[in-house]
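Two complexes follow with chain A in common, the first pairing it with chain B and the second with chain C.
Right, the complex of A and B next:
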């Protein structure tokens, strides 16, 4: 057979987001894959510079469209390190609750996408129907389905009532029952197993070498989870298991995520049972004179790390290491030797979020060009 | 009789496509498009002007669609349909099906895009695996049984 190099993308390469994977083929098999990002660059770190610490919170929440709460949670975890006050305990519980609800939401969305990639359209629709259960909870608590704006420095904006707790427990019960059913169905399905097993294998050594995070690392047998290793918010007060699988293929990563959904439901039950009473926020204003702070949380896709340099309440420099930024380089390694039809499955099983990840922009003629802030905003932000 | 049915063929095919989409949507917890949606789609596409690249200017790219249509019609004539008489020959049916898919693949091969060529190769592999190998295997088994 002939050898070809074909571009996979940038329009709709299995996910909706734009990115380009150049694959060199030997017949039906991939010899080499090269990722060419840069299509979704928004300059988020630059946008954050020069903002007040209160208004940064809103911009930070818009880094990602799926794990919105993880980013704003990470921001408050970081910034509150510079303040001497302690966050009210009830606020910590509500933050943890929202993070776990978001994990369920994100994982059900991902499960639908993966099933769509392998052509299992019915279960894709079912998963997205179950995701609506979680979005309803968000809408009831915070008023927003995707962007919640629930966080404040030193607290949360919304409290939860007893009727809310009842509502959440009912929804959690429903989703647990459904996901358990689907998990049983998928485990028994030969086609699903054939499409996912031994596809995009990441060995334990590779996972260590590439410093993978989150479910991708846990699928390769690395026991790593920020919630347990470096507890933040109220994770100290709950008991949970970190899910790991040793196989390292797409099937293992899928299983890790499915079991995490059930584990999140367990955490939410504990939180709602033990939630303390008291205030949920502290009155500001809060002043940060000069500080360099960082914080990390476990976003649905893995460890999310934010670094901020703050002077006189203004963010001078922001550095954001999203989970996808940490593990996207393994994509090229995982695609080597795979069949061309497996590209969507491998990309889908990693669950990358390209818009959060992109930090660089390549001009076509590769000449150096300088943008000032105004030009940059006009061209890439549209403001 | 056969030719009068021929006129209805596109409409029946479109109706089945629409029914299929509706039924699938109901299975998937969706409402789905109207039953005649494929017909409206076809009507809309017919209004559009043709557009293609000069790089694809060769006979192998131009002729196969016509042959594709001809083989599709021929396939219909040999299908075991109610009310449409035909002489049944299974091997001939398979042969026309291969031709039918072959022209489809040929168009992709003749196009000047590497994606087209890779897609054509993959189509051949899928074709052989999913249709012809099982078909011939079943044929072989039937012969064994008769013997």
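Right, the complex of A and C next:
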């Protein structure tokens, strides 16, 4: 039996985004896996330096296509700490609503992708069909399906009407019904269980040692959730459960996310029932002379943290620690002993967002092009 | 809480039960390193400075294995050396043959 080291990626049909995992194999079994990220790096932190606080809001939303609202929400949660005023309460409820809608949207996307990885194409398409319900809601209340531009500093752009609320509740009802049906189907399906159970096990000790976050940590029994531990927006006003499982395998992480979809639907109902009346924004301009601010939100993948150093309304340093960056190192541990066919399942069950995690574009034609700051800014930033 | 680079391992050791959230580096003429910890929703920072000419600090990967990616990112983008981190010189987000200066430095 020969030992081989093969690259899984950066181009691979199972990978949604480019990344490279170098696996050392003994026959079909993985002895060692090494993650080599860097293929999706876009220089976000550098781009944000020198932007004023209003432009930064638009830029951070574009860090990721799936967790866009999480980044925008985290930005306003951070920056508003430097302002003395309070955000109008109705705006907080709308922000929380958008965060939970995004959680459902992200988890249904992930569910489809995981089913695709194990070859269950029909359910993949069904999940993505249900996800359209969420995108319709986003389009109706913000104007955009993926990037919403819903936030402003000290508020949200647009209010929601009573007919919007009715629209949302209808769609939430539909999604709840469908997802409960799929969950029943998947729990009873032998092939799904065979592909997911005991695959990519992360023990509770490892989860603690590596300081994991999000559904990856909760699937291994770690009870953390920023919405409950460090509440922000309107999370103090809603009741919800934090879902955990103890097995730590891909099946456990899948169950955590499915249950979170249903829990998010419950949160949305509470928000829409109790939303207070009032304005949704405050008139600017807002002035931040000198501040260092932190913000944390529970993005669909876990704890997202933004740090900004602002002087005279200009961002001097932006640090974005996405949830994927916090937990991706466990991939190397989780793959040990797995079979090569399990790689897409394990990667899928961690639900990594490499676009979020990496922040300089490296062009690879036949040569690697390297840019100094001036060239990079001229080419990609336009200044 | 401000500490010196010498006390880093000791102070981080006292916080072994907490969760390491991230390590941030800010270029302000000297490099300011902020280590952020969390327990039950309460955040705590440890802050230290290293001079730009000799940016060397001990690694904390023995206590917190997830610090590896954070330290490598700071090394690639700022040039800070984390002594004891064996994987430090493997590039994380930059290409393997990057010959330019660390990109996020102000100079």
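What we mean here is this: the second predicted complex is superposed on the first by the 361 of 383 C-alpha atoms of A that agree within 3 Å, B and C clash if a C-alpha of one lies under 4 Å from a C-alpha of the other, contacts with A are read in each partner's own complex, and residues count from 1 in each chain.
In this section, a contact is a pair of C-beta atoms (placed from the backbone, for glycine too) under 8 Å apart; a residue touches a chain by one contact, two chains touch by 3 or more.
Just so you know, these numbers come straight off a predicted model, no measurement behind them.
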| item | value |
| --- | --- |
| Fit or clash - chain C, chain B, common chain A | fit |
| Superposition-derived angle with apex at the Cα centre of chain A and sides reaching chain B and chain C, degrees in steps of 10 | 110 |
| Touched partner set for A:82, first chain B, second chain C, both or neither | neither |
| Partner contacting more residues of chain A (chain B vs chain C) | C |
| Chain B versus chain C as contact partner of A:27, first or second or both or neither | first |
| Partner chain(s) touched by A:321 [first = chain B, second = chain C, both, neither] | second |
| Touching partner for A:267 - first (chain B), second (chain C), both, neither | neither |
| Contacts of A:309 with chain B and chain C, given as first, second, both or neither | second |
| Which superposed partner A:211 touches (first chain B, second chain C, both, neither) | second |
| Overlay on chain A, chain C to chain B nearest C-alpha distance, Å | 23 |
| Residues of chain A contacting chain B in one complex and chain C in the other | none |
| Complex interface listing, chain A residues touching chain B | 1-2, 4-7, 25, 27-28, 121-122, 124-126, 129, 340-341 |
| Chain A-facing residues of chain C, complex | 19-22, 24, 26-27, 34, 36, 40-43, 64-66, 68-69, 77, 91-95, 97-101, 103-104 |
| Residue numbers on chain A that touch chain C, as the complex places them | 37-38, 41, 43, 45-46, 209-212, 224, 226, 228-230, 294, 296, 303, 305, 307, 309, 317, 319, 321, 325-326, 328-329, 358-360, 362, 368, 370-373 |
| Chain A-touching residues of chain B, taken from the complex the two chains share | 24, 27-30, 114-115, 117-118, 121-122, 125 |
